[in-house]
Each structure stands twice: as C-alpha cells, then as structure tokens.
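Submitted below is the structure of interest, expressed as structure tokens.
Chains here go by letter, A, B, C and D, matching the order in which they are written, and residues are numbered from 1 within each.
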C-alpha cells in the first residue's frame, strides 16, 4: 500500500515513521506548503517531495495521510475522495461544523475508507477500558469522567487560530466520551482563564469543565486545563452498575525513592508524542487493516462530526450559560 | 469535661466510644427517643439514661453531643445554647435552610463552642490535602474534584425522609469544597436515577454531578452515586497552578496477589464507620480542644449553613435546569 | 475474664488498652519492678498495683499478661502455670534456647492456654497472605522473602542486653517464616555492621541476610536492617507455583502530590505501635477466644521455641560461616 | 557506521531493528549457520547474506554485532578483534570462565570498542536507580536485592546446553549487582528444583537464592525462578544509609478494574523482548556513541568476565554447600 503524506511537521513525522514501521505500507511521497520541510522529510525517507495535485493524479498512490494544518483538512479530504484515495486525516475535519457536515456528505460517497485520527481510541489503556466495558465487566455504564491536562499552554498565537479550547483540545475528550458512551443529548460547559491572561484576552478559556447529559440519565464529566505543572495528565474513569474502570497515567519509569523526606516516583510521560507513541502505531495499523483487509474504519468522519458538534454545543453553552441540546447545533440553529 | 449524648444509634455509639477514648472527656448521660436504646447504651458505659430536660437542667454537664435524628438537631441546638452548654451536633443542622439560618442566629449568641460534625475535615487524607494546599505546595487553586460513592443505596423509606441526595449525601462534599475552596458564586446540578427506580419514584436522584462556579473562575466538580459495587469510594483531587494533590482511598489491607489471571488487591475500606474511624476520634479531640483549650471551632454552624445553601441551590438548579446563584438561595428567593 | 498485667512500660500500656477495649476482658491488677510505673498505670485504669506473688495467689484472676523485660519471661510463665493461670507472654520466651526448652516442657503441663505474643501473625496484611496461601490461591509455596527494617537503631545499651539482632529483631521474621512455611532444615546467616559502629563494637550486627533452607527445596530469605531512613519497612512476599502474594507497607496517609519535581506520597506507618495497633487488638481477642471459647492458641510456646532455635542457628552460622542444621541446635549441640 | 550481524534468530532480529532505527548505523550484512534464516532476514532489510569470513574481510564494515549461539561468541570476538572491527557481543562471552579470560586478554589488545550486551543496564528503570544512587540520593549502599523470574521454564533441551541457571539466567543479575555495587568478595548459593523435575534430572536448578558478600559488609541477594505464573518479574531494590531505591515492574497497561470481587490491574510486561525493548535501543545507541563518539564502553568484556566468575562461584558454592571466594574461581582453583 503506497502512501502520500500531507504535512511534514511534528505530527507528520510521527505518521511517516508509523507508515515505515508497518511492513504493509510504504511512504512514497510527501507534500508541504513549506517546500524545505517537504524536501527534508522526503530526503530522510529516500522519497520524493510532490505537489498535492501530482499526488492526487498519481494512480499508483493508494492512500493519503493528511497531517497538514487544520484549515486544509476539509479541502484535502474532498480532493482525496474525488481522486478515489483511501484517506487518513488528522482531527478535526474543520473548525466549522457546517463545513464538516458537507465533508461528511462527500465522504459518504467514497468507496475507499476515510478515517479520522482520533489517536486516543488506540491507546492500549483507553482501548482496554473500552474492551472491558463492552464485554460487560462492570455492568451498565452510569458515569464517565475524562481528565485531560496539557503540561503547558500553547503560544497565544496558536490559541488565536485554534478554534478555542473546546474544538482544539477538548475535541479529543468529546470523542473519548462518544467512543465509550455514544452521543449525549445535551452539553453544559464551564470555563475560565486561570493559566494565562493572554488566553483570556484572546477570547478563549484555559480551564474548563463540561458535563455531557445523556438521554437515559448517564452523565459524563470532562476536565481540561492548559497547564499541569507535573506534565501530561490523561485519565479516564468509568463507573458502571457493577464496578469501575480506570485508565491511569503512564509514567516515565518505575523507580520509587523512599527517604526521610517521603516517597517519590516518576511523573507521567511527557507529552502526547511519548504517551501516545504506541497509539499512533496501532492507529496506523488499523487504517491499513481497513484499506487492505476490509475491516471497519474505527474512527469515521461521522465521529469527527460528532466531536465537533459537542465542541460547538460547549461553545454555545459557555456563551449563554445554559445547557445546549446537541440537536440544536446539529440543526445549525 | 462531662458530656451528655443525644441519640443512641449507630453514630451515637461511635461518638460514645470517642468520648471515652479521650482522657479529657467523660460520657455521663445518654438520651434517646427509644428508651431501650438509651438504657442499653447507658448500661454499657455504666452511666444513666436521662430525659433531655434533665440533661439541659444539669449544671454539671458541660457539653452535649447531638447524634439524634436530623429533625431534632435545630431544636436541641437551640435548647443547648439556652442551657449554656458547649454543643457538638451531627450534620445537617436541619433540612430547611431557613430553619438553619435561624439556628445560626441563635448559636451566634452562645458563649460556648458550637461545632458541626463534618467528620471528613478530620480525615488524615483530606486534612493532609488541606494542609499542603494552604501551605502553598501546589500554588493557587484552580480545579477541585470530589468523588463520593456509597457502597449501596439506602432503603427507600430512608430516602423519603432524607431531604434528597444533595442535602443528605452530597452535603459532605459541599462542605469539602467549602473547606478547601470557600463558597462558590453559583451551582449547576445534574442528577439521574440509575441505581434504584424506587428512588426516582420517591422524587430523588441516585447519581449526580454538580459543578460549583467560583467568582474568580475556579471550578469544583462533585460526583455522587448511591452505589459503587466495589465499596465506599471517597477521593479528592485538587489542581493548582504548581501541581496537584490527591487523597486516594484507604484500602482494607495491602495484600497484592499476582497470578496468571492478573494482579489483584483489596477494596476500599467499607463503609464510613471504618473509613472515618480515625476522623471521628480526631474530630472529637478538636471539639474538646475548643471547649477546654479555647481553640477555634474547626467546623461551625456557619459551615453547616453554607453546605445547606449549596444543597438548596443544587436542588433548585436540578429542578430548573440552570445555574443558580448562592446569593439567590441565601436571600430566601 | 480478669487479667493481671506484668510490665507497665510502653508495650504494657498497649496491652492494657487492648484488654480494656475487648468487652470480654477486664484489667484488674498491674505489677512492675518500678513501683511508680505500676502505680501510674494502675491509677490510669482505676485498678490496683500488686506484687507478683499477690497476683498469682489471687484466685479471682483468670489470666496474666507478661510484658515485663525478657529476662523475667521464663520465670513468670512457670509461676503462672503453677498458679493455673492462662498466660499471654510477649516474645521471646528467653534468650537461651535451653531455658526456652524447659519452659516448653512446663507449659505442656498446663491445662490453661499459654500464648506467645507474635503480634505480626495478626496483622491483617500478613494474615491475609496466610489465608490466601493456605486456601491454595497461589499453588504450592516455593520462595518466601521477608523484609523488616527498623527506622533507627536502638541505643547500644539496649543492644548489649538484647541477645543480638537475630534473637531480638529477626525473631519476628523467623516466626513469620515458620508461620507461613513451617520449620526449615537449615539456616545460613550473613551479617554486617554498617549502621552504627558501636553496635559492631558490642559484638552485634545491624544489617543481616538469612536464608532458610527447607527439606523439600523451598527457600526463605530474611533481610533486616536496624535503620531505614524512610521509616518502618515491613513486607512479605511469597512466590508459589501459581502466583505470588505480597503484603506491602501500610502508609501514613493516601495523599499524593504531583509537581514539576515529581510525584510524592506518604511514608510507611511509623513504628511498630502504629503499624501493628490493629494486630495487637486482634491478637488479644484471639487469646480471649482461646481462654473463654476454647479456640486453639494461635501462637504457642512451641512457636516461641522454634523461632528461638532459628535465631540460635543463625548465630552459629554467622560465627562459623556455614549453613547450620536446625536439628543441630535443637539437640543442644 | 556499517554493521554486520551474526545470528538471524529472535534476538538478532531485535538488534537488526535497533541498528536500522538509529540514523547513525546501517545494517549491511547478516550471517547465520542456517542459510535460510540469514537469507530471510537479509531480504527483509534489503541487504546481503554473507559468510563470516567475507564479513571480516570487508574493510567497509565498521562493526559486527554477535547474536549467534553462545558457543560461537568467543571465536567471533577474537576474529572481530583480529579484523579490527568494533564489536558488540551478546552475553555471555562463553560458558567457560577460562575461555572468557583468554577473550579478555585478546580484547584488551583491540583499538576498537568491544561491548557486551548486558541490556538491563540500559533499562530506564534500572539505569534510573544507578543514576540516583551514584548521585548520592540515598547515601551509602548497604543492601541490594534483585528479583528476576521468568514466566515459564525453557525446554529441557535448552537447559542442558545452557550452562545452568547461574550462567544462563542469573548472569544478568550478577551483572546488575556488579553494575550497582561492584564485585563482591564471596558468593553463597542455594538452589532447588521445584518447577520442573526434568530440569533437576538434567542436573540444574530452577529456583535459586544467591547472596553476594562484599568486603566492606554490604550484602546483595538475588532470587531467581524459572517460572512466575503472572509473567516476567524484574525488580531491583537498593537500601542505602539515607533511603531506598526500587525499580518496579513495567505493566502491560494502566487499566484498574474495581468490582465486588476486588481491584484488579495488569500483569508485568511479557517477556524480555517487550520489557527491554527500550533498553535494546538505548544499548545500541550507547555502542554507536562508543564507536563514533569515543564515549566509554558501558558494558565491557571485563564486565562479562566478572559476571561469569560470579556464576562460577555460585556453581561451586551450590555444589559444596559453602561460601566461595571470587578470588578462588578467578585464580582458576
């Protein structure tokens, strides 16, 4: 399976490595708006930098991996569908729910797999929760709690184009809730600026609690902070009628030091590239399985639209100080 | 310090033991609406069962410990103040915020300590969090999360007179938030009946998430369930600008078994009598310190009123589906 | 059941409290070579200080609890047997194995329970290992490891009369091995003086590893240090054909702090009075069960002799640099 | 840096991947006594299968990685030195200490780095202990304990040619002790056959405890079992004058399940390829650092000889039931 990569940045490099590590896939081309970046990555892999149009026109290329900036995702998916390529696209589809809904329609017409890069679904810890839960090991689901803190806030310049915390950061957690509990009925969002006043000045929040209310009474809580001094905190906790499942942090090492001052141990793995390295590899294997083995796509455009709808509802809830029904934002209200 | 006990039930017996264990206090009388209960506990301690009026009239009695049913608390506090006794009263003051506000006024006139039994403030784990937080070990507080699950739901007959989950169960967690973060500006409550349909039929919830919104942007989240299959789950987590503090569960023993089936360990201590045994003893010592040593009362009638106001706000929020300002319920709106 | 206590020191006070806490037993007399100590403890419990002879002569006294200094144990047990009292005696029986063997003979003639104070058998963690192991949860036993470190070395004056590390400190661990694995065939001891040169100057070791070799090939390892900077370290690990059981330390509280500097948590409970408080209470209840309920004595004079024999074998092994058979020391070689 | 690989088996494949993953090294040739194995691995890497003589004669090859069977190690190291190649060789040098001593002499004459594959030195957990210990974080070392259990015993056919548990399995743990504590003065070994009678029939043990006695009184304990039902157990614990360092197991995932049956979590990572995957990569990078950057070799032929001497001393100690001085075996006694 021959693959072209859009985007030669940090996450593009991670995906390039995953493509190379899976014996069933082969990286054959890379494109980037910065020609030097494309050239550099292409050279490292002994392949060619190509223009997007060339890639789509090349019939020998089976799949495209879209890891370029968010504002290019929707267009590239549409072009990929038109060119009959299998598509793997980083989240989100777009910052606009309307735009994402149009992409969903177009992707629905594709005969090839179109997959969204919700990498956390493939983390062995969260996947382990999903498996145990679906197997009924803790009975019926009742409450879900997702904790997701970044080690440090991004630059304000990034925040300004990010679409805001709910669409940029919590989008992963919305997807995690949808992954485990499905889609809620309504969303209640709270948010503050406690970490960096510049983020507040840019109109965004850096500290947030969102509650998802399900039609059958289940409740999910998401907590986000742009800064945890101890590093990248990524946990999930699920209470069911017959027990609880937790996915705790992975830590840097297992050394424990006991002295008169107390007992100390390592911090969580820093940062998403370290923590989710295994997830990126498993995720890519799942895409290859879908393309070459006809297996179902484990994270669809529909999933991307759903996560975006929850972010949109959260934004509206925060602004208006009331619970917002998902149907309301899906209807384009 | 001579002490009379109101209430010879389960929690009354715990307090009787604490009174006896502290060399500075002595149990001298017990009263209960069920004469046999009073007689039995009195006999076990080699003391007299007395009528409430006798107790209040007995000038040799320094303090009363009120552990009778909730609907007697307010009256007994008022009578205790009138009789010039030091008072230790189990939470809550009353199910009615208005009634509690009147008790607060009366208690304000007392020259003796009046203390509320918020036992969790004295749990070494939660107290440890408080101490480290107040010492600035994790910087400025940002997000607080309290998890509090009971092992099994109470009988519906109890639920019906309990005042509802927010006033009966979450009252402890409201106080924990106030203990660590002070009073919030508003309250948003969610709740469902997922555990026992009879609880729903009685007009109450058994599964609940409440968010407390602070004027300065801090956020606190409380999760309650009337049933955790694995037992009594009591945790607190506090994110600050420079780190995080967690109080995890105490477990029944430290045995870990590793077999081909996996690694297994003990469940959390079952139930509040076991988990908070140390807290009850420390709590009583703090009351004796206040009475005999002039130390400040570490859980006041004011604290009891505050917790009740948060419960009242939660009830209103759940009913009306909107955030409710604490000022609104304090104003009797 | 009326009980007289010999020894009003630190451990005597702990036992006095246990006697009082069990509703089936009552402390009625206390004796101590220091009259003021006896008087003080007697007064605190509202009872009489008595001379040993008076105690043995008093037919209303059912049982004696011997918590006086080690060199008095053997005589007091013998006098207690002669006076037909039930006897609870702190370990060890004596520093001399020969003397202990004579006590064993005499105790064998008693119609009343004679119990040794091997408190760790009653620790819920170690007892939990025993129960799971005896229930076959990890198959057949193969290797046992006992780790037992004190927080700080005792004064050298104490070391000089202690009988040495193996008889004074490791005696508990020898009993733990016998409790879980029975008696070994031979003993190989290693020991050094690394903590306090004065201990070495007094002819003792402060750091020790002993291996117990069982006739069927099982192996047990005991590690002792007179000093662990982080506190009292008490762990057991048992490998079986189908898994492993561990009893980990109990910790002071469950607070975990995560900051940029790392993750820190509480130290083990300090020291034996805190760590084994529950064990002392359960131990006493077991003695009362034996005396009043006819239950088997869970730690016998035989057990005391066995532990002493292992200590004696360890002493000889250390001195001679070779494995020493238990039969060799039992034979008085 | 161009590298040829000897040995296309399981561990050879791991090293081939490490060579490829480090951008500074390139796999250019592979040799194996089974031509098909060499061909298959060569093909997977797009390189040539070569005969050993060709490899040593090829001046463009900078380094050889010896991962063939143990009985070929010594010869290949000597040929590598003669051909002026940098050498990375899997442990052990040889099953014979005499042979290893001759290799040591020859390797001493090499101008290129010769490194032994003691992979555990590079495990981030054990390396973390080493770093903290060497930095003085727990003061002076006193006792060391290494626990090392395999998930299941190897086939008896393997046991018969393995050189026995001490040389085949415990060799890693001997090196770990030498890595952290240096070389001991004497060795006392115990061992039994509890896991598989066929291992005993083959003259080997499958369960072992060895104590290393250091000249300055420090003590190290190694426990080995050929079978731990719960998987691969790899732990180190180091007590110092100011505290303790532990390296605990790495676990398969961080999922914790709490139900009425208890709390369960994942088993240790299974088996050395999983547990030490990171170690193999870091180890290779260290070799490349030595070859290309002139950094010191972190695991030398000397280290290999030392570990073998400890194994030899353990064999003699087990046979003769006495502590054996390392000098005795080094002297070829």
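Everything below uses one rule, namely that a residue touches a chain if its C-beta (ideal position, glycine included) is under 8 Å from a C-beta of that chain, and two chains touch if they have at least 3 such contacts.
Since this is a predicted model, take the numbers as computed values, not measurements.
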Fill in: Fewest touching-chain hops separating subunit A from subunit C
1
Response to the item:
Co-neighbours of subunit C and subunit D resolve to A, B
Practice prompt. Name the chain whose C-alpha centroid is most distant from the C-alpha centroid of subunit C.
Written response: A
Worksheet item: What is the distance, in whole Å, between the centres of subunit B and subunit D, each centre taken as the mean of its C-alpha atoms?
Response: 57
Discussion item. Quick check: how many Å separate the C-alpha centres of subunit A and subunit D?
Written reply: 40
Discussion item. Quick check on subunit D: which residues sit in contact with 2+ other chains?
Written reply: 138, 228-230, 242-244, 258-260, 266
Practice prompt. Can you check the complex and tell me which residues of subunit D touch subunit B?
Written response: 228-230, 251, 258-267
Response to the item:
Contacts from subunit A onto subunit B in the complex sit at residues 138-140, 142-143, 145, 149, 188, 190, 192-195, 207-209, 211, 213, 217-219, 221, 223, 225, 227-230, 233, 239-244, 321-323
Worksheet item: subunit C touches which residues of subunit B in the complex?
Response: 124-125, 128-129, 132, 137-138, 242-250, 252-260, 266
